[in-house]
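Order of writing sets the labels: A, B, C and D. Residues in every chain begin at 1.
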Amino acid sequence: MRVRVRLFARLRDLTGASELARDVSAPADVKTVWRDLVREFPALEPYTSSISGAVNAEYARMDAPVSDGDEVAFLPPVSGGGAA
Amino acid sequence: MRVRVRLFARLRDLTGASELARDVSAPADVKTVWRDLVREFPALEPYTSSISGAVNAEYARMDAPVSDGDEVAFLPPVSGGGAA
Amino acid sequence: MPKRFAVTEDKLDPSAIAALVADPGSGAVATFVGTVRRMNLGRSVVRLEYEAYAPLAVRVFERIAAESAERWPGVSLAIHHRVGTLVVGDASVAIAAASAHRADAFAVCRYAIERVKQIAPIWKREHFEGGEVWIEGATADPEDPGAKEVALRRACA
Amino acid sequence: MPKRFAVTEDKLDPSAIAALVADPGSGAVATFVGTVRRMNLGRSVVRLEYEAYAPLAVRVFERIAAESAERWPGVSLAIHHRVGTLVVGDASVAIAAASAHRADAFAVCRYAIERVKQIAPIWKREHFEGGEVWIEGATADPEDPGAKEVALRRACA
């Protein structure tokens, strides 16, 4: 099956892509997609313990199932809301 | 000596005056001015325990001295700042 | 340039008041606006008449800023209070506090509105459906440590 | 009529955001504006680039409103976050909370900014004199009870 991967902030910089289409073997969960990605981009490895995941623009646990056509997003630690 | 008395809110309604010029015998303090006023307007009496005083637009204790030409203000309990 | 502490008959402009305190060193601006509410203690409010002893009120606002600066150094504060006839939805008071950090901006803004209610020489007469009444809150005593304590507690200090 | 929860490239207008929440039943509106500060951790900030996962960010803002409504019923909330290039003094986030009573308006406003910082999928890249860096705060986990507890405590709840 095929998923759309979204990457933000430093994850985007490290991979050079904000969006990727990738094949993953079913059954897959968010963790599966991340592991495939780390294999492709080893520089992402240090983020394994600090990323959040989202499926179809909703937060999702790393063990949440992923289906064909899903948008799977990986979010580094957040820093919105102002300077102070 | 002569002082200018300022009255606000319900005190003004009860006396019908926002400003009065009154003679007080020296030496006088804020309390003296208030007592004279209560003698003239007995309806003010219930406020004796709840008013604040000011001399020349600065808060003053009831035993603060009053001099000729001073502006002596009496303030009922306050209610500024919005509804909530 | 309007003053940071004012009593005015004009409509309040919270953005303009916030602009009085914000500067390149501040990362946080907390603002409070008190407005005339339709219902008060079960009464249907038609309008409020606000009255102030204006020169003392402005000094009290300056005093509140000095008290805040002592507890929260570096926070800048503006307080504007409107007087005259206000209808439902009109702003009676607008307060802005700016700080490098949000905790201080919130604390000073909250402390200021509490102190305004405690010690500013301002009164409102409520005209409601069926009557009118002067609202009287607390006896104003700027030196009362108990009142100051209450304001600090409400500011979460 | 703008939406109560938004991510936008446009300049934020705190007054317009406050107007989204105020109604005749509210007597208190608390507003928070976060702005770009000149100095951060000793660095001289030139500009910030804000980036968001916008559809999720809007849902997170709605979630924060739902959390607030559970704890403080009847308070209405608006959250707007700007993205793109911001310079010193620009507002990055504006939050308004309206309530019948000021305590709830302050609490919800503070709770909301704390939660935005914890769980909104938004990032800033700081361009300072001499370099640039992605700022990374906490791992976003909306279900983390510890983070929620911190936000409630900071809201003085």
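Going forward, contacts are C-beta pairs under 8 Å (C-beta built on N, C-alpha and C of every residue); 3 or more make two chains touch, one makes a residue touch a chain.
Keep in mind that what you see is a predicted model, and the values were worked out from it rather than measured.
A count of C-beta contacts for the chain pairs B-C and A-C puts B-C on top.
Taking each chain's centre as the mean of its C-alpha atoms, chain A lies 24 Å from chain D.
Each chain gets one centre point, the mean of its Cα atoms, and the points for chain B and chain D are 48 Å apart. Residues of chain B in contact with at least two other chains: 82-84. Shared contact sites, meaning residues of chain C that touch two or more other chains, fall at 26-28, 33-37, 100, 102, 105, 113. Chain contacts in this assembly follow no simple pattern; the graph is neither a line, a ring, a star nor complete. Contact between chains, using the touch rule, shows up for A-C, A-D, B-C, B-D, C-D. Of all residues in chain D, only 26-28, 99-102, 105 touch chain B in the complex they form. Interface residues of chain B, counted against chain C in their complex, comprise 6, 8-10, 13, 50-52, 54, 57-59, 73, 75-84.
Touching chain C in their complex are the following residues of chain D: 13-15, 18, 22, 24-39, 88-89, 100, 102-103, 105-106, 109-110, 113, 154, 156. Note for the complex: chain C touches chain B at residues 33-37, 40, 45, 48, 50-53, 55-57, 59-60, 81, 92-93, 113, 116-125, 134-143. Contact residues on chain B toward chain D in their complex (touch as defined above): 82-84.
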